[in-house]
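Below are the structure tokens for one structure; questions will follow.
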Amino acid sequence: MEALDEIKVRIEAAIPGARLEIIPNPGPANQSSLLLDHAHASTVARFLRDDPALRLDYCSNVTGVDWLERTVKKKVKVKKVVEGEEKELEETREEIFSGYLEAVYHLYSMAHKHGPLVVRLRTRDRAEGAHLPSLTPVWRSAEFQEREIYDLYGIHFDGHPDLRRILMWDEFTDHPMRKDYREPDDYEYEPTPHDDVLEKAKQHYVPRPAQDGTANIAAQ
Amino acid sequence: MPDPYFFLVIFGAVAFVFPVMPLALAWLWRRFFQPPKPGAGKNATYECGVESLGEAQIQFHSHYYLYAIIFLIFDVEAIFLVPFAVAFTGLPFGAFIAILVFLLLLLEGLVWAWGKGCLSWVK
Amino acid sequence: MSLSTRAQHSAVEAPPGMPSRLDGELLEVSMGPQHPSTHGVFRMNVALEGEVVRRLKPVFGYLHRNHEKIGENTSYLGSMPYTDRLDYICSMSNNWGYALSVEKLAGIEVPERAEYLRVILAELTRLVNHASLLGFLLSDMGAWGTPLMYAFRERENILDLFESLSGSRMMCDYMRFGGCRCDLPPGWMERARKVVDGFPHFLDEFEQLITGNEILIARTQEVGKLSAELAISAGITGPGLRASGVNYDLRKVDGYGFYPRFKFRVPLGEHGDCYDRLMMRVLELRETLGILRQAMDDLPAGPIMNPKVKIRAFKPPVGEAYGRIEAPKGELGFYLISDGSGNPYRYRVRPPSLINLTVLEDMCLGHTVADVMVILGSIDIVMGEVDR
Amino acid sequence: MASAPPIDEGLRSELQKQGIWVTSMQELYNWGRRNSIWPLQFGLACCAIEMIATAASRYDLARFGGEVFRPSPRQADLMIVAGTVTKKMAPQIVRLYNQMPDPKYVISMGACAISGGPFKQGYNVLKGIDRYIPVDVYIPGCPPRPEALLHAFMELQRKIDGQKLTGTGKAAFLDKTVPSEFPVPAFGAHDLEPPANADVFHPPKIERH
């Protein structure tokens, strides 16, 4: 299979107006990925599937990823005038990356037996903007996996034939795989509670009568 | 000498007591030892652990009715053959012809139904 | 009465708007979570017209044990015992899939002896899985229990090998990143060779019983046909895909774990029906025995663990990786995103069983209820992997 | 009906030597119940495979009379909860338990069925089936070996053997006041409602002294 940037060039040639971006993968696995924009996602997908050189007809894996708000501290060299003379100053500047949800597609070709090509789709934000174009019409194998991402992450796939919850029960309202999901506290008997389990267990302990003035367990 | 048909009475009595006795025991057991505990959940229809929705008595395809009728005919035929089979050795040749006619009549009915397509399963 | 009246008989058209008097209504029935032949807690909402399936909606989630959420809260090594419980019939190949992905993520080399051990144990797991499938599929078809007893007799022999090697029958947790946990106990290889040499006897017995059996042929041929294009588009992998004639076996395509060194063939089917899927497993068993003999003959000596890899405080570099292996049920993949810390940022399992069920409805439409069980049995699912 | 005094063992063995066999209805009844327990065919996860291996030829559950696995709860005496009980599956399990005729027993097989086991931190995992239905025998293990399941069978048979038919401490299924049905939990927006059945689930109270 050709290198990712060659593929990017060919796609941009074939589909004018497609805004593609290569996301480098720093790890030794060197599987860099291709970020698509929402409007041209399905046309690019069809191109990847039908292009005779690529023929990526097998979508092996669709994964949902939740990226929270991140504040990244950066060391920035700033020229500042201090007491009348130029000086190079180290300044840490905080940069806030807004959170988003992401669907990652791993595409392989059964005809040419090559791959993977990693394609990413990102939502605008993590709240009501969590919408993505569904690629199930292009690859039928994405059907259950996109339903699972909708169930566990809350990304609404527009154009999906049958978008329902697949793993949790239908009356469930949360999206449990998100990083900020707090599961319900169904009381568990904890003989030796420690750190965050201790907080949970405290609500169920009968407070010990303070005999000789020792602190109550809650204040432990 | 007791009445020659007396054994029928004994036979009838045993035939009656044999099934009734366990039922009576079960009733006694229910009455004195194990009180029944029926309930809405227990009496609900079992459908693989899920609440059963919709009702089961629905209109079936008419084909099942045809199949049932054909089966019924041959079932009744088998009942008629039983006394014939029991007395088969002592019967004259005429009886054999009579039962053959009976069999062939029903066979002809089967061939007609087959030809008419009642047996071919509608997909 | 001539036979031509047959055409009119079935052509009795009901007046428009009135349901045609002859066909029945649809009966909604749920082949629910507790069902003798759904291989675990799998539910199908089936709409039946008489006996013929008109609609079939699978329902999952009854065994959703949050494997991925727990994977994000434990260390990389901590998830290894959980992979045994993914597809709880083939724990060794799950371990290998996870170990392969983490080695790809962190760029770890595996010594030769460990790679050979992994091939031997994964192929032994394939024997267990395909033998169990033959037993379960035949008991779904009505031969209740007897073939299952023979299949489980073979499975017990192999589980004894796993137990003497890894300490546990089903949950081996044997592989580590960069090799295997412990070397073979003395006498293990002789016992393994004896089991592998005894297996063809079981296979011949089975083939003699089932291959020419006309009940089996009547029940499985032309049932649940799957075309090659639909199989590829729906992401079906493993024996189900090869039964439709697509030559795609990860052992040949990816060539991981020294498989190119072994000579073995990949069986292909033509019709893609239940009979082909069943025969795929039988033929693959023969090929697996061939691989096992070759791997056992030239098992090299040497270390079984890459000394440079830290087991406890294992922190792979930032990045992501998707590794996949040819598990007995299909392509088992692990997608890991690492942010440099001890726990994976995202831990995703690509379950072959769940995706092989994508076209269950397409295969079952038009068949009778009894065939649905045969089709589901031939797809070979395990709920621990479907619901994760 | 005061429970009859137990038979004097010395007298019984003495009579036995003379070829007279003495028993009581309770022993006969319990002997019959104990040696023909029909389990419900109902596997959830990995423990189910170990349960099948127990019923297979090597470990052979038939030696204890338990090899007849009935698919329908109407014909089963024993429910072996083998595997992880998820919150989506819990209402189905309680409904199946309700639909089983009395006398019915529950074996909670495996760490998951006892307390959630290795999947305890899962949001969809019920921390043990004894939150909704009474459990007779617990077998720890993940999965418990087939011998452990056979041991659980023996344990259950000992319990059945000790059941009294009359008197105050008689068996639960004979007592009119003991309920044989338990409310089926409903699916809520965040969790099952109620999260545990109060009169069945008695978590240990902890007072720290």
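Per-chain numbering from 1; labels A, B, C and D assigned in written order.
Heads up, the rule we're going with is that a contact is a pair of C-beta atoms (placed from the backbone, for glycine too) under 8 Å apart; a residue touches a chain by one contact, two chains touch by 3 or more.
Keep in mind that what you see is a predicted model, and the values were worked out from it rather than measured.
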item	value
Minimal step count in the chain contact network, chain A to chain B	2
Between chain A and chain D, centroid-to-centroid distance (C-alpha), Å	44
Length of the line joining the C-alpha centres of chain B and chain D, rounded to whole Å	38
Distance from the mean Cα position of chain D to that of chain C, given in whole angstrom	32
For chain C, residues that touch 2 or more chains besides their own	32-35, 61, 64, 66, 69, 387
Residues of chain B touching at least two other chains	48-50
Touching two or more other chains - residue numbers and ranges from chain D	88, 92, 96, 121, 123-124
Touching chain combinations (by label order)	A-C, A-D, B-C, B-D, C-D
Chain D contact footprint on chain C (complex, rising order)	32-36, 40-41, 61-67, 69-70, 73, 81-82, 85, 88-89, 148-149, 152-153, 155-156, 169-171, 383-384, 387
Contact footprint of chain C on chain B as seen in their complex	47-50, 52-54, 56, 58-64, 115-117, 122-123
Interface residues, chain C side, partner chain A - complex	60-61, 64, 66, 68-69, 104-107, 230, 232-237, 246, 248, 253, 316-322, 324, 331, 333, 335, 337-338, 345-346, 348, 350, 354-355, 357-359, 387
Touch list for chain D against partner chain B, complex	72-74, 92-93, 95-96, 98-99, 101-102, 165-166, 173-174, 176, 179-181, 184
Complex contact set, residues of chain A against chain D	167-174, 176, 181, 183-184, 186-189, 204-206, 208, 217
